[in-house]
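Sharing a structure with you now.
Labels for the chains are A, B, C and D, by order of writing; each one numbers its residues from 1.
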Amino acid sequence: MIRVGLIGYGYWGPNLVRNFSAAEGSEVLMVCDINQQSLNKVRKSYPNIKVTSDSNELIKDPDIDVVAIATPVFTHYELAKKALNEGKNVFVEKPFTYTSAEAEKLIELAEKKNLKIMVDHTFLYTGAVRKIKQLVEDHVLGDIFYYDSIRVNLGLFQHDINVVWDLAPHDISIMEYVINDKPQAVVATGAEHFDRGLEDIAYLTIYFTKNIIAHINVNWLSPVKVRTTLIGGQKKMIVWNDLEPDEKIKIYDKGVQVKTKEGKYNLLVAYRSGDIWTPRVEQTEALKLMVDKFIDYISNGGRIINDGPAGMRVVRLLEACNKSLKNKGEMVYL
Amino acid sequence: MIRVGLIGYGYWGPNLVRNFSAAEGSEVLMVCDINQQSLNKVRKSYPNIKVTSDSNELIKDPDIDVVAIATPVFTHYELAKKALNEGKNVFVEKPFTYTSAEAEKLIELAEKKNLKIMVDHTFLYTGAVRKIKQLVEDHVLGDIFYYDSIRVNLGLFQHDINVVWDLAPHDISIMEYVINDKPQAVVATGAEHFDRGLEDIAYLTIYFTKNIIAHINVNWLSPVKVRTTLIGGQKKMIVWNDLEPDEKIKIYDKGVQVKTKEGKYNLLVAYRSGDIWTPRVEQTEALKLMVDKFIDYISNGGRIINDGPAGMRVVRLLEACNKSLKNKGEMVYL
Amino acid sequence: MIRVGLIGYGYWGPNLVRNFSAAEGSEVLMVCDINQQSLNKVRKSYPNIKVTSDSNELIKDPDIDVVAIATPVFTHYELAKKALNEGKNVFVEKPFTYTSAEAEKLIELAEKKNLKIMVDHTFLYTGAVRKIKQLVEDHVLGDIFYYDSIRVNLGLFQHDINVVWDLAPHDISIMEYVINDKPQAVVATGAEHFDRGLEDIAYLTIYFTKNIIAHINVNWLSPVKVRTTLIGGQKKMIVWNDLEPDEKIKIYDKGVQVKTKEGKYNLLVAYRSGDIWTPRVEQTEALKLMVDKFIDYISNGGRIINDGPAGMRVVRLLEACNKSLKNKGEMVYL
Amino acid sequence: MIRVGLIGYGYWGPNLVRNFSAAEGSEVLMVCDINQQSLNKVRKSYPNIKVTSDSNELIKDPDIDVVAIATPVFTHYELAKKALNEGKNVFVEKPFTYTSAEAEKLIELAEKKNLKIMVDHTFLYTGAVRKIKQLVEDHVLGDIFYYDSIRVNLGLFQHDINVVWDLAPHDISIMEYVINDKPQAVVATGAEHFDRGLEDIAYLTIYFTKNIIAHINVNWLSPVKVRTTLIGGQKKMIVWNDLEPDEKIKIYDKGVQVKTKEGKYNLLVAYRSGDIWTPRVEQTEALKLMVDKFIDYISNGGRIINDGPAGMRVVRLLEACNKSLKNKGEMVYL
């Protein structure tokens, strides 16, 4: 039985407590938050869980095996470092850390101490992403041409990070997982409208080794919520609308074949337009699957897709985005 | 009665002939195309219109007042120049010319000869765009924060221009018209997948003097057709879905007010979420309105929104996009 | 503080316990279910609530003020009668009873004992229905022409009632509330496909005193879930799509004016097609509002829209539907 | 070469002239209309086609092989009878005739004279209907449970027929073709709101020999246009949305299996929910296919799906609907 202590009972923390409590192989011993109201909620919902406002008390508790961190990004590194130094495995909210240097240090420390890190890229465990990954691996799409995601809505403004760090980690982690190729460079543009020095709109273009291109559109100022990703392949193309309750993924049997004969007027293009297929997607809660996987990872080892290095790659790309944003779209190599 | 000669009876030409024939103040005298099949179509549908495969014959015909040019972009300059030199007014398909230098020369020539030029930015005459323009001018939106357009579909690949020059002129002309501010710089990224040296996917970010940002996503490789533009203002926000038959424009009474007190943890954000309003949009065919306007412009002078300088500004932005694309997202100032 | 005992912790019961527990003026003392697994769930989630499998124990508990009944329909009458006889106020799941005669008896009994009954027509307390009601009362729609509802999905098959009794009570209660006129007669058609003697598809036409017509389409065998109601008025028309997360109600400024001159060929019809308006709809959980209203009703009296007589009218219409169904669409007067 | 004369150049007539002109095996010789404006339109678009306002002149023209009738329903019988008596084949707009007795007489007359009749049920030749027919014949759906169609919009009010005769012929002809079973009885309800004695809203329930049920919802007073049909089968279910430009038909791998053990509480229901498949649907204009088929039918004989008897069956059902409407939902046997 893995015993978990959670730091940060804000927006996402309650979901972690619910899942670590419900999982067969784990239980939650303690929750830490600096806000007393949050702790009162814990007391009411989970009378058996200890509460504290002192993170050190939690981290040093000898009964705790895992420290789960669901606090603002800039606190991740210090909390995780302490936890690892106390011999705890670590589960960290995305994005992993504020800098890739921090991420690197945590990965090294965990290795030295023989401890495990999981970064909470929950989307990788959704039925939709797992289905897309499988379609790519089974060569259903053929060579991938592009990955184009839109993730926009009204708010919620974060106080310490821009819209890229808030929304794009989802897309970046999914994109990395699905495309299975290394991003080479990024061009990021954006704007901010409230004199906070933090972009509320941003557009990321990511180049890969082959002629794959990815684009991510994130926006805190959209009147409508959109969660749509197009993935274009040589053989088939996917539209993934994550807001659809049932029909999230559509696979289009569409394609283009270009044969240019010599000379300008001899462009021959063949368009193929066939059936559409909407596969049934597994409905199990992604967070439940991820928590089960983490428990298994700690108990039995093996490999997970959202380990420290995966989390670090996301942070590295986020850093590159911020650099490109600062320099107005300068291409930043990775 | 304005007498029109049309060069280029391909995809768009038939619409021009139909509208210049139907308009009260104009008639079509001659059509020129190098393709005999196209000319046969003219003969069948319009027995009274003369046909020719020699553009000079048309341009030099003394009975013709207007030469309408609906040929590939790279031919626009030479044809328009000849027509102006022969004392004809000119109607040119978008994009106006291949280079802004060409556009400038045509504008000068027309001025010298006291002739008129109209560039075929039809979208400016649609009920949707006119409604949006009016909403902006009436300060319904408040200060504009961003303009974000998606224009993607499968094909049609052009043989002489990339996807930016094919699809983005619509968005650029609308954006310029609606925002009423000068673009300062552009960052363009993209990719091509068929070894033709012409991008089939591109992403344009356009910066304005104020902190307005515009983004245009154009793609020839999308399995689905999308024609959606978000326009975010301080007071209201618009979603314009041009594929909706009736409910093209929705105006959201939504907004954000950010008050950051001192210190990281004191971000106060107020979100406003009110009614949505879908105004009825004028259904008259845009091309008809534009043709009527052109006839009036030639007959009575005055001003039009899609004159030579407007067409040149679009070409200038397209040129900047190509330069930025070539340099992998380098910011190009205008 | 109103003290509640709930009988029936199945599909809907947990929502009642959650809301009666959370409400300021009430608390839940006891839950009864014949299924031990259900009682275990109560024990786990609410350690302070007593559990029992004997409904008499609950009904006779002197500390309980309200008996809430969320059991199958055919048990409602006996349970409610006992509760009223023990001096308890009663909250009953819809449909109120199996027969209108039962409903009548319960209403009489409650009056005699000076006790209150509320029937759980939750939909009446949703933001959407309250907005529609207000629009009708404010004469925004003008005279109502029709009410046309579709409520279809796959399953859940009930074991004791047909699809009309399962799904149509929602529509009937809403329709009665909104139209504010007495239904005169009903014609019901339908079919069943599994030899159970219970229709899985049904179509109800309800006639009112004026030339208002209502139609309700209910179906347990639809591959897609639909919850859409059209309400046509002389001045305006409403489309209510309850599956839309945000834009549930659209008000169309559309109408028809027919002027038939003498003779067949002199039909003059004027169509009006104006703006569409999507009012913001209150998002508060309907069940919370209803529970608060019930507590207030018990404490302070007054009137509620879903009292016994309202519940009885729904049952009367359901009875008429069953009779019409049995006689293959015979018109049944009310 | 089949030579066609058309009577009635109103809403649909121009489409018939266009298609009979374009078809390889036919040409249009003459058009008749009592409205001079309509004849002027013919003159302008087709200078070679003769025009007349006297239907007898057309019907008696010895050069004409086919009389196509696109006039109001109540005139169909007299015109078709005259044409058959003059030895002409007949193409008639739907619905075939005003009464089934008239239809019967025309069929007999055509047989006696060895002439051909086609009734214009264009929808049968659409890619969507042909695909659905094929799916049913290939037993993809399994036994059919129901056919449920909604065909509503604002207007166009007809001056001589009610909404059933205007809109439902489409659904009835498609339903008959797809289900391949004989309707046994109909229950029709409806209402009218403009004192014309013609229903503007109607609901038809049609019973078949097996426990198949069909329902058709037609409405001239809907603020939105809907063209959606659900077809539920034992093995698969179809949603056909005819307003979708590309994805008209979706086939759901969904189903229900009910196993009732003895006793009320032993209902076992298994729900199956699998993939969705959107087959590509043939895009050829249905009217073109139908016209080609008619030419082939006249030239080479054989069988067509929309012959006189098919048209008569539709009229018979429409008659039954009117009778049921008049008697407020009385079941009318066929």
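By our rule, a residue touches a chain if its C-beta (ideal position, glycine included) is under 8 Å from a C-beta of that chain, and two chains touch if they have at least 3 such contacts.
As the structure is a computational prediction, the values presented were derived from the model and not from experiment.
The chain with its CA mean position farthest from that of subunit B is C.
Mostly identical positions are employed by subunit B and subunit C in their mutual contact, as over half of the interface residue numbers are shared between these two copies.
Separating the CA-averaged centres of subunit B and subunit C is a span of 53 Å. Chain centres here are Cα averages; for subunit A and subunit C they lie 42 Å apart. Across the assembly, subunit A contributes residues 273 that each touch 2 or more other chains.
Note for the complex: subunit B touches subunit C at residues 247, 250, 253, 273-280.
Looking at the complex, you find that subunit C touches subunit D at residues 145-146, 148, 150, 152, 154-160, 185, 187, 189-194, 196, 201, 203, 205, 207, 211-213, 215, 217, 219-224, 230, 232, 237-239, 252, 254, 256, 258, 260, 264-267, 269, 271, 273, 328-331.
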